[in-house]
Each structure stands twice: as structure tokens, then as C-alpha cells.
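One chain, chain A, appears in both complexes that follow, with chain B as partner in the first and chain C in the second.
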Partner chain A sequence: MPILGEFALWISLPVAVWGMVLGFAGGRSQRGDLVLSAERSIYAVFGLLAIAAAGVSAAFLGDRFEYWYVASYSNANLELFYKVTGLWAGQRGSLLFWALLLALFSSICVLTNRNRHREFMPYVAGVLQGILLFFIVVLLFADVNPFERLDFIPADGQGLNPQLQNYWMTIHPPTLYLGFTAFTIPFAFAVAALLNGRLDARWIQLTRRWILISWLFLSVGIVFGMRWAYEELGWGGYWFWDPVENASLLPWLTATAFLHSIQIQENRGMLKVWNMSLVLMTFLLTIFATFLTRSGLIESVHSFAQELKIAYIFLSFMGTVLAACVLLIVYRLPELRSENQIESFLSRESAFLFNNLLLLGAAFSVMWGTLFPLISEGITGQQISVGPPFFNKVNLPIGIVLLALVGIGPVIAWRRATKKNLQKNFTAPVAVGVATGVVLWVLGARHELALVTWSISAFVLTIISTEFWKGTRARARIEGEGYLLAFFHLVTRNRRRWGGYMVHVGFVMVCIAFAGAAYNTDSRFNVQPGDVVEVASPFGHAYQLTYEGLSMSIGRGQRNLLWQAIATVSVAQDGDPKGILTTEKRQYTNRDSQPMTEVGIRSIVREDLYLILSALNDTNGALNNEPGAQGIDLQVLIKPLVGWIWIGTFLLAIGTVIALWPSVDRRRMAAPSEGGGVEAAPAGAD
Partner chain B sequence: MKKNPRFMVGLVGVAAVVTYLIWTGVSETMVYYVTPVELIEKVEADPTFHDVGVKVGGMVIRGSYRRVEGELLHVFTVRDLVEESATFVVEFRDALPDTFTDDIEVVLEGRLREDGVFEATTLLTKCGSRYEAAPEDLAGAPPHPTNAP
Partner chain C sequence: MITLYLGVSLVAAAVVLFIMQPVVKGIHASLEREDDELTETEARKRVALLALRDVEYDFLAGKLDEEDYRSLKADLTAEALAALEADEAAKAGLGAEAGDAALEAEIAMIRSGLREGVACPDCAYTNVSGSRFCSACGQALGELAAS
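And then the complex of A and B:
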């Protein structure tokens, strides 16, 4: 089976070339037979890449350690689950996985659009095949072939890094890749629009749902990564401004900007060049993110030379795409003129534009900070790096203004807001926001940025709930429905708008949770069995933690565990027993390293109690079950509001799904001139 | 295209504020990222460098790690990745990350004291994001992978 997979990967190369050439040729010559062949070649590439991926999986499941990739990420003892997910555990497999997902989405796109939108499809097929071709070339020629063989057969593999043996880590990369690859479809339609000259908002309407799907997976994928870091890395944080994290944030920022700015083009016929630039930028950033996360460019600058080949291939691809698209945009510039102008500073257009500018500013600062070591070395020969303080310093103010715009944007009038409009919509929310700040201050909150964030959050939530309330009440009156039914109809009849508001509410919750980090506490103790330590929560209550002792289990070789030290802690809140928590050290057999930490987390709505077994006082003694060797270093963190990140993200995901769900009303509104049958977005992807 | 002047002022204002934030952010938070060789050269050329915080990447020397009993203090020696003779002792007072071993590439932030000991405030291990191992280690001699087919 691996041999077959390898074979399929090689065959996909000429097929992709064929499809790309025919797509563009068919588009130019308007020859249906060429276009048909190009479209079918996409299905073929998907089939071939699926066989290749199956080949890699078969190599994992069959413990074929003669393959470099399998030997690096698996061993005979590895749990079946992690052998299955081995396909995307490392660079080589995940590049193949990326290509596979792109081929899947491309096939769905062709399948759902092939009988409509004929003017776009040839070029869309050509562009998609071109991008697939790039990944196939990388896989085959950049020393990252997952089917590369060692010239000896090791008895066993290296095994998977224990830190990657975590549920969230198995779903985090594929979710992000789904987001990255889904964005390729809007990009392909944008290029097709530039090529065929259909430069109105059509390409945006056709791909709006792909944009939302991409954004959904990007958002959720980033948060899965945060969740993994929070549970597994054992220091209680969820975001470290690590280059790899930043790389996934960059396309999210520009995609978010794009989602907002396309609404201006749809409603007012403005910002056409801007939208083209944003779709191009976001696409390039998805490629850049893959490149950065999977090439080790930033974190190992000194070993850059080893990765030179893949770096050159990626950089030349990005350069070519950039140059080609900029040329196309310049060529079409006269046709991309705005149909309208911004009339007033106080208007929805203007709020959306500021949103865009701030998101791009944030993206630029993240990019700058991430690449700063490279830039400074290039210019001064001296590497200078900036750390998390830089990113926080720049992005917290930007984030707070963006948060305020989340409230302002949706209710300020298009074109020109009147004084009356402003008074009517903003008086009460501003009052609620200020009142929230004052109340929190009186209650003892003194951290300025957190207070500002919570006040603005209250302002935004008031605006959105007022909107929901007004809509529901109006509907209940007009249609004579009960409030619950009216609310349901309100949302389902204009999913795009109300789904969007839900996304905003989710985002606000996440911001509220981020601000909670200002009140994190961190205490460290050295404890013996029976010791009780007390830790105060910023909410006023206190935890009494009793260290019950250590239980050792010497591994039976299962799950690659050598030994496991489990510290048991009884938790009481103001004297009330609240159960027990455990935190562990685990020593794995296949790593010549220090033991791994497993943390203990108790989540309640307000806060998380987070226990870390920092160190055993006497590891050898504990292994021999010596009674005097039960002392440990225990670190106790309290993380206020952290759970709201996950809750907010869930709401954000629900809102996005509502917004992208097909709706009869929207279909009619989207293109009244075209009559029936204009439903464009890919139903197959829902 | 004619633009509303107030609007342009707003746009320029936002751009200026973001630029200002980035500018001050960089100048307030930047640290030199050096190799042990460069660090040792720097402090010899300019002794005030003993007080400047730097980031330095090096290799922990195998067998040099010890934990000072009774306090949360880790001591080990780091060498340059290329120039193996350039070394210094590191003191680190915090919990070590799980990925730390006494044979790993680390990135330290802190300062090289005048007694030649590097006082580290943060410690990152370098394999962090890639989590890759070389399967060549599985065999006795380091063979080269063959490219197939």
C-alpha cells in the first residue's frame, strides 16, 4: 500500500500540470471540452492524493519503520489513535494532508459550481490546479517526501513526542489546515474575476460561504491550539506569541478584515481594489503560515541552510503569485473604480474601514515582531528579537479599539449617521458601559486595561442585546407571535445578520476572558503529605488545598510509559470540600528527557484552579516508595474567567454556522436581477 | 477620487498611532539575540554589557546540570553551537520546562554577570515547535536517507 501511495503521488504531478494548462487554455479559448477535462483532472488529483495519504497511513499502521517519516513519529508501542493521526503529526505528512484537503475542497467547489457560473470555472480550475501542483512539487522535490526511505530498517521508531499525545493536538493542525485550504477557493474566484473581467461583487457572493467556512476553521483551530497549550504545556498560559502561533493568527486577522470589507463592496460598490488585495494577502499568509510552521525558518535561524531548498521553493511560489496578482490588479485598475465614495466620517463604511485598518495594523505588527530577528540580522548583522511584551504593548490597544468598533459598526447608519441616529443608538449603551466600569472599580478592580475592556464589553453587549430585543419585539407585534418563536424566526429569516451578531457576542466573551488574565495568581509551595496550603482567589474566596500524597505506578511498557508519579490534592473552597485534583509527572520510555508534567485543572464558571506538580523532592526515593520521599514542589495558579474563552469560541462557531447556512430570504436578496437558481456557494460543504 | 478630509485625517491618525505603537514597542522590548561567542566578545569590548539583558542561544553541555538542594536553583553550563570552547555557567531560578534535558539547545534570556555567570530569567528549549527527532540516531552509524524512487 505505501508503494501504491508513492506511485499515486508521482502520477498526480503530470495530472495537475495537465489540469492547470487546460484550465487557463480553456478559459481563454472558451472551449468546453478543455474546461471539462481540467475540471475532471481536479477529481483525479483528489483521488490520487487520497491514495497517497492512505499509503502514509498504511505505513504508520503497519509499523513500516524503513520510512523516515514513520520512524520519526511513531513506534510499535504507540497507541492506535496516534498512528492514525500520524499523517499530520510532522512536516512531511502535513504537507501531503494540506494538499489532500485542498484537492477535496477544489473537488467540492467544481462539483457544486460546474453547471453554473461558467464564466468563472475554467480559471478557477486552472488556479486551483496550479496551487495543487505547487504542493505536489514541494512534496516530491523539496526533500520532504513522506515516502522517503532510510537505507536501513530500524527495529523500532522514535515514537511520538509525548507532548503531542494530546487530544487537542490531534485536532488542532487539521482544523487550521481546513481553514487555510478553504480560503484558496475565494482566492481562485478572485483571480478568475480578474482574468474574465467580471469585477462586480459576483465573485464575493459566490464565495461568501467559503470565506465563512475558512474563517470558522481558522478561529476554532487557533483556539484548539490555545487549549492544547493550556492543558499540556504546563505553565498555565494559552498564548505565548510564538512564531508558529503568530503564523496562524496572521491570516485570521486579514481574513477578518476581508469579511468586513466585502460587505462594503456588496452594499456600496466600494473598496474593490482593497478587497482584491485582502484576498491575495490572506491567501499568501495561509501559505506563509504553512511555510513558517513547517519549515523551522524562525526558531532555528542557525540551521536555516538545511531547509534552504523548501524555503526557496516556497518563497519563489509566493513571489510569483504576488507578482502575477499585482500585475492583474494593475491591468484591471480602471474597471475596479469605486461606484461610490465615503460621504461621512460618522458612517458604517467608515467604521468598517477603521476596523480594517486596525486589523491590518495588528497583522503588520505581528508580522514585524515575528520577522524582526531576521530583519535586524539582515540590516545590522545583529539579531535583535522582541518578545511577548512587544506584541502585548501593540496589540492590546488595537484590540480594545476593535472591541469598541464591534459595538459601533453594526448600528451606525450607512452613508451618513445623523446626530439623532447616534443619540438614539448609543446613549444607553455608553451609560451601561460607564456604569459597569464604576461598579467594578467600587468592587475593587483596579487594573486599568482590564477595566476598560470590561466597560467596553458591557457597551457592546448592550448594543447587541438591544438589537436582538428590538427585532424580536417588532416581529412579535407584527406577526403576533410569542417572543420565543419571534426570536427564532428573527434569526432564521436573516441568518447572516443575526449570526454575525452572535459571532460578535462570542468575540466579546473571549475579550472579557482575556482581560481576566490581569488577575491571575501564582503561588508556589513545597509540601509534605498532610500539609494544607491556602490560596486566595481574586473573587474573594479562598481555596484550602490538602496534599494527600504521592502514588507511583511503574510502567508496564504500555503507552510507552516508564513510570508515573501522581500527586493527589483535596480541594476545599472556604472550608467546603470540592473533591480532589491530581497532577502528575510522567516518564516516557522513548525519550531521553526529563519527566513530562500533567496538570490538574478544576474549572468553574468564574475561574480555573490550576495545579502543577513542578518537581518531586526525591525522584529515586519516590520510585522506591520510600516513606520520606513524598515531598513535592506544588505550583497553584488561579485563572479568572479563562473558561469564557472556550464558551465564547463555541458561541462564535455557532454564529458563523448560522450565518453561512443557506437561507431562502438571502438567496432572493443576494441577486434579485438574476432570478432563480443563483444559489452559488457550495452546498456540499455544509 | 475625492475623499472626505476628516476621514483622511482619521485614517492617517490610525496609521500614525499604530506606527508609534510598533516603534516604541520595539525600542522598549527589544533584546539582542546573540551566540555565546558574540556575548563574550561584547562584554570584553564593553563592560556595561554586563547589565544589559540579552537573549542567547547555546547548547547545554551533557552532564553539567545539577540542582542546588533546598532551593529552586538550577545550574548548568552552556557552550556555543559552533565554537565549543566558548562556554559559561548558567543559573536559573524557576521551574524548568518539561523538554529540558542536559543535552539540548536552549535560548536563555538574562544577563552575563561580572563573575562570568549567566543569570537566566527565562529558558526556552529549542526543539519546541517542531518536535522532531532524527531517526538516524536509531542506527549505530549515522547513515543518510536515500531518496526514493
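And then the complex of A and C:
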């Protein structure tokens, strides 16, 4: 099976070339047979890559250690689950997996458009096949072939990095890849629009759902990564501006900007060039993210290897795409004029524009900070990295203004806001925001940025809930429905608007949670069994933690464990027992001498109690069960509001799904508008 | 080994047949261009109508007061009408087939809809005058909606 997979990968190469050439040629000559062949070649590439991926999986499941990739990321004792997910555990498999997802999405795109939007499809097929071809070339010629064989057959593999043996780590990469690859479809349609000259908002309307799906997976994927870092890296943080984290954030920032600016194009006929640039930028950043992760150019906990060949291939691909697209945009510039102009600085249009500039500013700063080590190396010969302080200093203010815009956007008038409009809509929310700040200050919150964030959050939440309330009330009154039904109909009738508001509420929750980090506490103790330590929460209560003792177990190779030390701690809150938490050190057989830490987390709505077994006083003594060798260093963190990141993300995901769900009304509406009024079922209506 | 080569050849042959068939047999995929692309004047018209719809919505949702609403609506209606005229003129310029009666009727309807307030604030569909609900989306219209 692995060999068949390898052959399938090779066969996919000429097929992709064929499809790319025929797609463009068919579009140019308007020959339907060439186009059909190009479209079929996409299904074929998907099938071939699926066989290739199955081959890699078969190699993992069959412990075929003659394959370098299997030997490096698996061993005979690895749990079955991680053998199954071995396909994306390392660089080589990940690239294949990436290409497979892209082929899957491309096939879905071709299939769903087999009878419609035909004027786009030749070029869409050509572009998609071109990008697939790039990944196939990388796999085959950049020394990253997952089917590469060793000259000998090792008795066992090296096993999987224990840090990657975590549930979140198995779903985080695929989720991100889904987001990255899904964005290729809007990009392909944008290029097709530039090539076929259909430059109205059509390509955006056709791909709106793809854009949202991509954004959904990107958002959720990033948060899965945060969750993994939080649970697995054992230091209590969820984000530390690591290059690869940044690389996934960059396309998210530009995709978010794009999601907002397309509404301006659809509703106002403005920003056409801007949207073309954003879709190009976002696509390039998804490739850049792969490149950064896969090239090992910048030191990072995620980087797989330092391989230069692949770096050159990626860079030349990105350069070619950039140059080609810029040329196309310039060529079409006269046809990309705006139909309208922004009338006033105080208007919803300018709020959208401002949102875009801030997101781009954030993207630029993150890009600069991420590449700074490279830039400094180029100039001074030394890699100097900028740390979290740089990123925080730049991005916190941007984030706070963006947060405020989330509130301002929905209620500031289109075109030009008058003083009255501002007074009418902002007096109450501003009052609520200020009151929230004052109350929190009186309650003892003194951290300025956190106070500002929470006040603005209260302002935004007031505005959005007023929107929901007014809409529901109006509907209940007009239709004579109960409030619950009215609310349901309100949301389902205009999913795009209300789904978007839900996404905003989720975003606000996440911001509130981020600000909670200002009140993190960190205490360290050296404890013996029976010791009780007390830690105060910023919310006023205190935890009494009793160290019950250490239990050691010597692994016999199961799950690759050499030994495992489990510290048990009883938790009480203000004297009230709340159960026990454990935190561990694990030494794996197959990795260097550094033991891994497993943390103990107790989550309540307000905060997380986070226990870290930092060190054993006497590891050898503990292993030999010597009495008196049970002392440990225990680190106790309290992380206020951290759970709201996950809750907020959940709401954000629900809102996105609501916004992209096909609307029944829309289909019904399409019928009477046929041949009739142009203004029925406009793009912005739902 | 033989099974492997057989398998590979089968896969390759299937792929070649599948992607070559359209070219060899001359099976054509449609490349029809949907002629729903708006002309420049149509796009202007649509944007103006959408803007009008948004103003209506903001007013109904209580985000605009009466005075702002009236002034914005007056401006936008003028703009929409101008766009309509321009569109009409552009179409008339295209020759007799474009300036047919149906089009005239449509323009007249939109125009009266704008004047009489039967253009749907939710979906911008222009209803016949006197409509109480939008025929496209069911939204309440006119006095019913404003109450």
C-alpha cells in the first residue's frame, strides 16, 4: 500500500500540470472540452493524493520503519490514535495532508459549480490546479517526500514528541489547514475574475461562504492551538507570539479585514482594488504560514526542520504569484474604479475602513516582529528576536480600538453621521461603559488597560444587546409573535447581520478574558507531604492547597514512559473542600533527558486554578521510594476569566455558522426577482 | 510485485481515460457567461437603492431620528432617481430593443415605489403601491412597518 501511494503521488504530478495548462488554455480559447478535462483532472488529483495519504497512513499503522518519516514520528509502542494522526505529525506528512485538503476543497468547488458560474470555472480550475501542482512539486523535489526510504530498516522508530501527544495537538493542525486551504477558493475566483474581466462583486458573492468557512476554521484552529499551549506547555500561558502562532494569526487578520471590506464593496461599490489586494495578501499569508512552519527559518517551538531547498521553492512560488497578481490588478485598474466615495469621516463606511486599516496595521506589526530576527541577521549577522513586549505594546492598543469599533460600527449612520445620530445612539452605551469602569474601580480593579478593555466591552455589549432587543421588539410588535419566536425569526431572516453580531459578542468575550490576564497570580512553594499553602484569588476568596504526596510509577515501556511522578493536591476554597488535582512529571524513553510536565487545572466560570509540578526535590530518591524524598516545587497560578476565551470562541463559531448557513428565504426570494427588479435579493440583504 | 505494477497501471489508466475522455470524445463543459452583470448605471442604481434600504432600516430600528432620516432619505432618493434616469438614458441609447415597454414599466414602478414608500426596507424589492407586505420577503411595509 505505501508503494502504491508513492506511485500515486508521482502520477499526480503530470495530471496537475495537464489540468493547470488546460484550465488556462480552455479559458483563453473558450473550449469546453479542455475545461471539462481540466476540471476532471482536479478530481483525479484528489483521488491520487488520497491514495498517497492512505499509503502514509498504512506505513504508520504497519510500523514500516524503513520509511524515514514513519521512523522519525512513530514507534511500535505508540498509541494507535497517534499512529492514525501521524499523517500530520511532521513536516512531510503535513504537506501531503495540506495538498489533500486543498484537492478536496477544489473538488467540492468544481463539483458544486459544474452547472453554474461557468465563466469563472476555467481559470478557477487552472489556478487551483497550479497551486496543487506547487505542493506536489514540493513533496517530490524538496527533500520532503514522505515516502523516502532509509538504507536500512531500524528495529523501532524514534517515537512521537510527547508534547504532541495531546488531543488538542491532533486537531489543531488539521483545523488550521482547513482554514488555510479553504481560502484558496476565494483567491482562485478573484484571479478568475481578473482574467475573465467580470469585476463586479460577483466573485465575492460566489465565494462568501468559502470565505466564512475559511475564517471559521482559522479562528477555531488558532484557539485550539492556544488551548494546547495552555494545557501542554506547562507554563500557564496560551499565546507567546511564537513565529508559527504569528504565522497563523497573519492570514486571520487580513481575512478578517477582507470579511469587513467586502461588505462595503457589495453595498457601496467601493474598495474593489482593496478587496483584490486583501484576497491576494491573505492567500499569500496562508502560504507564508506554511513556509514559516515548514522551513525552520526562524527558531520556534513548532518548526520542524532547517531546510533551505524548500525555502527557495516556497519563496519563488510566492514571488511568482505576487508578481502575476499585481500585474493583473494593474492591467484591470481602469475597470476597478469605485462607484462611490466616502462622504464623511463620521460614517459607517469610514468605520469599516478604519477597521481595515487597524487590522492591516496589526498584521504589519506582527509580520515585522516575526521577521525581525531574519532582518537583523541580514544586517548585523545576528538573530535578534523581539519578544512579547514588542507585540503587546503595538497590538494591545490596536485591539482596544478595534474592540470599540465593534460597538461603533453597527449604530453610526451610513454616509454621514450627525451630532444627533451620535447622541441618540451613543449616550446610553457610553454611560454603561463608564459606569462599568467606575464600579470595577471601586471594587478594587486598578489595572488601567484591563479597566479600559472592560469598560469598552460593556459599551459594545450594550450596543449589540440593544440591537437585538430593538429588532426582536419591533418584530414581535409587527408580526404579533412572542418574543422568543420573534427573536428566532429575526436571526433566521437575516442570518448575515445577526450571525455577525453573535461573532462580535464572542470576540468581546475573548477580549474580556484577555484583559483578565492582567490579574494573573503566580506563587511558588517548596512543599512536603501534608503541607498546606494558601493562595489568594483576585476575586477575593482564597484557596487552601494540601500537598498529599507523590506517587511514582516506573513505566515498562507502555506508552513510551520511563517513569511518571504524580503529585496529588487537595483543593479547598475558603475552607470548603473542592476535590483533588494532580500534576505530573513524565520522563519518556524516546526523548532527551528533559522530563515533561502535565499540569492540573480546575476551571470555574471566574477563573482557573493552575498547578504545576515544577521540580522534584530528589528524583532518584523518589524513584527508589525513599521516605523523605517526596518534597516538590509546586507552582500555583490563578488565571482569572481564562475560561471565557473558550466560551467566546464557541459563540464566535456558532455566529459564523449562522452567518454562512444557506438561507431558505433567499432561495424563495430569488424566484420573483427573475427578470424583474434588479434590486430584489441584493447581495447585502442577508 | 506483479500485483503492484498491475495496480499502478490500473490507477494510471483510469486517470488517463477519465481526464482525456472530454478531449478525445469532444464532450464540452458549458462556458456560458451569465449575463447578469450590471452595467455601470445599473450598479449605481443598485447601490443607491441599497443605501436607501439601509437608511430605512436604521430609521425603523430607531438608530436615526426623524430629521436625519428625512434629510438622508431626500438626498438618497434624489440620487436613486438620478441613477434611474441615467440608467434609462443609457439603455435608450443602446437602441430600440433595450428601450422596450417592459423596461419602461419597471422603471416607472421603481420610481413610484421610491416616491410612495412601497420599496421594501428589508430587501429593496419594489412592491405595487398600496402593498401592506413585501411580496418578495414578507416584511411589513409603509404605515404598518412604521407603527
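FYI, the second predicted complex is superposed on the first by the 653 of 686 C-alpha atoms of A that agree within 3 Å, B and C clash if a C-alpha of one lies under 4 Å from a C-alpha of the other, contacts with A are read in each partner's own complex, and residues count from 1 in each chain.
Everything that follows uses one rule, which is that contacts are C-beta pairs under 8 Å (C-beta built on N, C-alpha and C of every residue); 3 or more make two chains touch, one makes a residue touch a chain.
Owing to the predicted nature of the structure, the values given are computational and were not obtained by experimental measurement.
When both complexes are superposed on chain A, chain B and chain C end up sitting side by side without clashing.
Taking the Cα centre of chain A as vertex, the centres of chain B and chain C in the superposed model span 140°, given to the nearest 10. Shared-chain residue A:W18: touches chain C; no touch with chain B. Looking at the shared chain after the overlay, A:F488 reaches neither chain B nor chain C.
In the superposition on chain A, contact of A:A615 is made with chain B only, not with chain C. In the superposed model, A:W661 lies in contact with neither chain B nor chain C.
In the superposition on chain A, contact is made by A:D242 with chain B only, not with chain C.
No C-alpha atom of chain B lies closer than 14 Å to any C-alpha atom of chain C in the overlay. In the superposition on chain A, no chain A position is in contact with chain B in one complex as well as with chain C in the other. Across the complex, chain A meets chain B through its residues 6, 10, 65, 68, 71-72, 90-91, 143, 145, 147-152, 154-158, 161, 163-164, 233-235, 242-244, 293, 296, 299-300, 302, 337-338, 341-345, 350, 353-354, 357-358, 361, 364-365, 368-369, 372-373, 382-387, 389-391, 393-394, 397-398, 524, 592-597, 612, 614-615, 633, 635.
Every residue of chain A that touches chain C in the complex is listed here, in rising order: 3-4, 7-8, 11, 15, 18-19, 26, 30-37, 39-41, 43-44, 47-48, 51, 114-119, 121-122, 196, 198, 200, 202, 267-269, 339-340, 411, 413-415, 418, 420-421, 424-425, 467, 470-471, 474, 477-479, 493-494, 665, 669, 672-673, 676-682, 684-685. Taken in their complex, chain C has these residues touching chain A: 4, 7-8, 11-12, 15, 18-23, 26-34, 37-38, 40, 42-47, 49-51, 53-55, 58, 60-65, 67-68, 72, 106, 109-110, 119, 122-126, 135-137, 140, 144-145, 147. For chain B in complex with chain A, the residues that touch the partner chain are 1-4, 6-7, 10-11, 14-15, 17-18, 21-22, 24-26, 28-34, 55, 57, 72, 81, 95-101, 103, 109, 126, 128-139, 143-149.
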